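Chain nomenclature is as follows: A, B, C and D, assigned in order of appearance, with residue numbering initiated at 1 for each chain independently.
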Amino acid sequence: MHHQGISLDVLLDIYTCVLRIRRFEEEVSRLFRQGQLPGFVHLYIGEEAVAAGVCATLTDEDTIISTHRGHGHVIAKGGDIKRMMAELFGKASGYNKGKGGSMHIADFDIGMLGAIGIVGGGIPIAVGAGLSAWYQDSERVSVCFFGDGAANEGSFHESLNLASALNLPVVFVCENNQYGEFTPAARAMNICDIADRAAGYGIPGLVADGADALEMYRVARTAAQRARDGDGPTLIEAKTHRRGSHAEGEEAFLAGQTYRSEEELAAAWAKDPLLLLHTYIGEQNLLPAEQLETLDADITQSVREAVDAARNSPDPKVESVFEDLWV
Amino acid sequence: MHHQGISLDVLLDIYTCVLRIRRFEEEVSRLFRQGQLPGFVHLYIGEEAVAAGVCATLTDEDTIISTHRGHGHVIAKGGDIKRMMAELFGKASGYNKGKGGSMHIADFDIGMLGAIGIVGGGIPIAVGAGLSAWYQDSERVSVCFFGDGAANEGSFHESLNLASALNLPVVFVCENNQYGEFTPAARAMNICDIADRAAGYGIPGLVADGADALEMYRVARTAAQRARDGDGPTLIEAKTHRRGSHAEGEEAFLAGQTYRSEEELAAAWAKDPLLLLHTYIGEQNLLPAEQLETLDADITQSVREAVDAARNSPDPKVESVFEDLWV
Amino acid sequence: MPRKTYVAAIQEALSEEMRRDPRVFLIGEDVRIGVFPSTRGLHAEFGDKRVIDTPISELAVAGAGIGAAVTGLRPVVDLMFGTFLYLAFDQIANQAGAMRYMYGGQTKVPLVFMAQNGAGSSAGHHHSQAVHQFFMNMPQIKVILPSTPGDGKGLLKSAIRDDNPVLFLHSLSLGGKRGDVPAEEYLIPIGLADVKRAGGDVTICAAGPTVYTALDAADALAAEGIEAEVIDLRSLSPWDKQAVLDSVAKTGRFVAVDESFPTCSAASEWAATVAAEAFHHLRAPVQRVTNKDVPMPFSPTLEKAVLPSAEDVIAAVRRTLA
Amino acid sequence: MPRKTYVAAIQEALSEEMRRDPRVFLIGEDVRIGVFPSTRGLHAEFGDKRVIDTPISELAVAGAGIGAAVTGLRPVVDLMFGTFLYLAFDQIANQAGAMRYMYGGQTKVPLVFMAQNGAGSSAGHHHSQAVHQFFMNMPQIKVILPSTPGDGKGLLKSAIRDDNPVLFLHSLSLGGKRGDVPAEEYLIPIGLADVKRAGGDVTICAAGPTVYTALDAADALAAEGIEAEVIDLRSLSPWDKQAVLDSVAKTGRFVAVDESFPTCSAASEWAATVAAEAFHHLRAPVQRVTNKDVPMPFSPTLEKAVLPSAEDVIAAVRRTLA
């Protein structure tokens, strides 16, 4: 890990982002276990450095598309954890007025074009956002997050090829956390690096350490710049690990079965993106320890406030089912 | 061109096949222009060496799946041109009793599992035929023909990856005739060799000269053997050219527009697979010229007979619309 | 009034709207050359940027349209044949057809999907299916199936100006049909039916090619003194229920004629609605005339036998009078 | 009789049929571990070859099932959620659902597609749609949606033994529901309805979760002396039209209750059929109770408001009695 070419401001932003995602997701996990959240939640713990590093290279004009595991992307793009938390509770004050839930959070005002619950379903839409940028002669970049599992969907293939054929400003970020649900990537494909698929579309394919937020930042910056320069799309594969369940409460699905070993999990924790960054900042004396502690306390507090606000928000009115249908 | 490792019998079979496809398609072209055939026909002229070379490596147990441009595949797999011609006329004596037509010809008795009018639609089905062979511990190989255009469909990606993940005996044969309808492959993808995509699935990808039936045979034999040996799928890209219309009568679609140059067409004709093989056989003195001439006359005659028989066959009975629905 | 073909009218709608609004563009397979004349000539006028050829990748192309629509453009996505929509079904049903609602009204999806619908060219099952019934089921997509050049033009222009996703289906079998197309600019509102023939004895509801089947049947019936009212719905979702109910209130008899497989078809919807909401006016059972319930065969003889015919409609009308 | 959950009964059908016939195998995403308990434990018994985990590739997996079916096997393809069928729509509609016919009867496609149908777990639009109506439209596919563990087991076993493609839908909201499952081997024929409650005043037709909605409504109505007959169709295509018509002949009143978006729904089909074929028995307009016509929202409050409720059914029954 190193921060060459990265300003202290940016570093602090990235660190803040990683931490905010972590604290948010930890709270969501608790809430889910307490039976307070409806539906399914898929947490981003262990993968925070990917969204944090990538989104730190983007402006508010740039857009992202997310997945079922989307809370981290929303936060990294600058989303409001209050409105997100309220949405997880299904409340009227949520981002989607309770109509979306965990798998469908969007904030169009900050270029977060939505999470998509269909695996791979967001990739073509990101190509379209890139097409817009190209059409409008804008410097906007369209970033698409998706998993290793999604890389086996037809939408992945068609989308990367389409973006390449039209030379669009899209950055495809594959979060290879080694599993699609309970199926290891190694069983779902006979290649080590998904980035190798980029060659099949004539675009660059880069592997990055998804535990290293600073590396993610540098790689994404290169890809985003390439896109802005009119040189077309890039595929970035972030090697990462999800620390918890596929979906919270996966124990119920597993019913005593296991799909990854304790050693594997321990090895993954050893590369905890939050810890790595925290340690690096400490070792390099980049920011005072007290500042980091205050930051953590503030974030933890804001998450708590988000929960309180969400809990105290009203349910959507039944009549609102008929709203938001037609323009 | 050379025939090392290929017996004279096989060589003659291949030549016969190329010639039969050519004469069949020439006749179909005439019939279509005369307004005698309903629907659309997509001819295989210029691409004969691909099906002929590949199918010469297969047994009756092995299966193939074909496309909208499927007549050549049927003939190469040993199909009956009488029943095919009758089907093109929509007659009751046709392969499909008039229910399929040019884009849907099948002969399950000889392992021709059907032509599919949806671009890329046959690729997953071929994976399934390979899955059967594997499941049944059979030495059967499943071969799938499809175009360069189809290689941009999601089905291509998912199918190659699935066959690789399950290590199935499938040979994917991409007939890269440089165009999908009127769109050049070079505009639809930013790579030169579709075979390069194989690396993205961890399987071999081979480029072969689709004008050279003997090279097609050798490459396909290697791939088929690999499949039979339990070593999994292969992607073969045959570089080829379609000489005529995308679909017969494309002038109507083009309405005076052009999409490929005279030079390009002339260059393609200069690599006519029939002529190349004919010349090679002559130069090498492999078969007497009279034999080749008799063969041509016989084939031409059999095509004519197929046309006569088809013309004189009855239309399907109207009641037959309700047949062949449920088992 | 100038007479134009159905496809020429569609082309005219596209070119006029592209001229009017620089955010409107066309994307799809071979839209430059124009596999259907509906897109021909547009590339010459509007160039590579606004008439975009794509790889054969229906899912990604549909999704790209959606992404462009939510970021400020107004795409027309040409998916060629109705059956090719099956490959883009997820993007249409799960994404375009729900996004605005799912995201709590944060966005709009001003997008037209365009495709040819139905059979009639002996191309076999894969190129000969009507697909409108699937998309009518989706709560947040509008569906159009015009029967005349004039309606086609006016409705496509409305579709392009609509801020919601619209599926504009045009019938291959009507491509060469000629009809009046006003020279001056006009729009036809989505959701408004057109009574193509007035009559007091029976209401026949149709759309696209079955409008002509119904009109042929009506002509034959008129010779016997039976006057059928033929309602061309033009828009299938939303559809002009009131026009149909009003007509049934007058005639007391109802026949739905729909080119599609019978079960859960548009005809089922129309018949069920009439039976629910005009029940007390009905003097005879509602009738449905659709494809026979089999995949679409290739042979012209069989294809004709499967499609709804004027004879089928006449027989259905007779059943309402029995 | 042993009592089992709905998903356990499905699992039992799978394991019994896999034991009986070595050509039967299961393929899909995470079928080894079993995302739904319906496939859990099968891998332990049958191993890698007969319980095949796949990449997340619905289109290819569905197509691979088809290819295996036409070459001698009897696949059960688990596509997990109904909405994921959208990604495999082409393979189902164009291929499995037409192949035998298109190829003139040369082949058969003995294949079961399996997926969870409908809403009820607050998972949002992408995981909460009923899809049966789409597949009912296809002429060469059978569609099943059982409401009880016993029906689920007997019908799935029939589906696996059927030589035609069958879509077996199971309702997520019923997964944990318990019911009687005979200990001995049995089959339930496809296409046969079951009268879950007898009554002479009104016929309520339902399937899957709406059977319970209908039964709840019937109980409430019985308190007022209104006796509803509740018909559980169980098979949606083919469906037991005669059972419904016979009931309507008796009651003269008809309410269709269907968990799906309203337009071109199964409810539309049932209502249209009754209006066409039992018209002279009808004493009141046919009624449909379906989802409200909006995408499926996430919030439990809103989800509940969108789904058909017993109150909706009661109101519909009252309309038939008005």
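Worth pointing out:
Criterion: a contact is a pair of C-beta atoms (placed from the backbone, for glycine too) under 8 Å apart; a residue touches a chain by one contact, two chains touch by 3 or more.
Keep in mind that what you see is a predicted model, and the values were worked out from it rather than measured.
Each chain's centre was taken as the mean of its CA atoms, and the one lying most distant from chain C is A. We define each chain's centre as the mean of its Cα atoms; on that basis chain C and chain D are separated by 29 Å. Put simply, the C-alpha centre of chain A and that of chain D have 36 angstrom between them.
Remark: chain A and chain B have CA centroids separated by 45 Å (rounded to whole angstrom).
Residues of chain C found to touch two or more other chains are 54-55, 57, 59-60, 83, 87, 90, 94, 101-102, 124-126, 139-140, 294-295, 297. Looking at chain B, residues 96, 98-100, 104, 116-118, 121, 152-155, 158, 161-162, 165, 187-189, 325 sit in touch with two or more other chains. The touch graph of the protein chains shown is complete.
On the chain A side of its complex with chain C, the touching residues are 63, 65, 94-100, 104, 106-108, 113-114, 116-118, 121, 123-133, 135-136, 142, 154-155, 158-159, 161-162, 165-166, 323-327. Put simply, chain A touches chain B in their complex at residues 152-158, 161, 164-165, 187-191, 196-197, 199-203.
Residues 29-30, 32-35, 37, 40, 53-60, 83-84, 87, 121-127, 292, 294-295, 297-302, 305-306 of chain D are the ones touching chain A in the complex.
Of all residues in chain D, only 59, 83, 86-87, 89-90, 93-94, 97-98, 101-102, 124-126, 129, 133-134, 136-140, 237, 260-261, 263-269, 271-277, 279-280, 282, 284-288, 293-295, 297 touch chain C in the complex they form. By the touch criterion given at the top, residues 25, 27, 49, 52, 54-55, 57, 59-73, 75, 90-91, 94-95, 99-108, 110, 139-140, 163-164 of chain C touch chain A in their complex.
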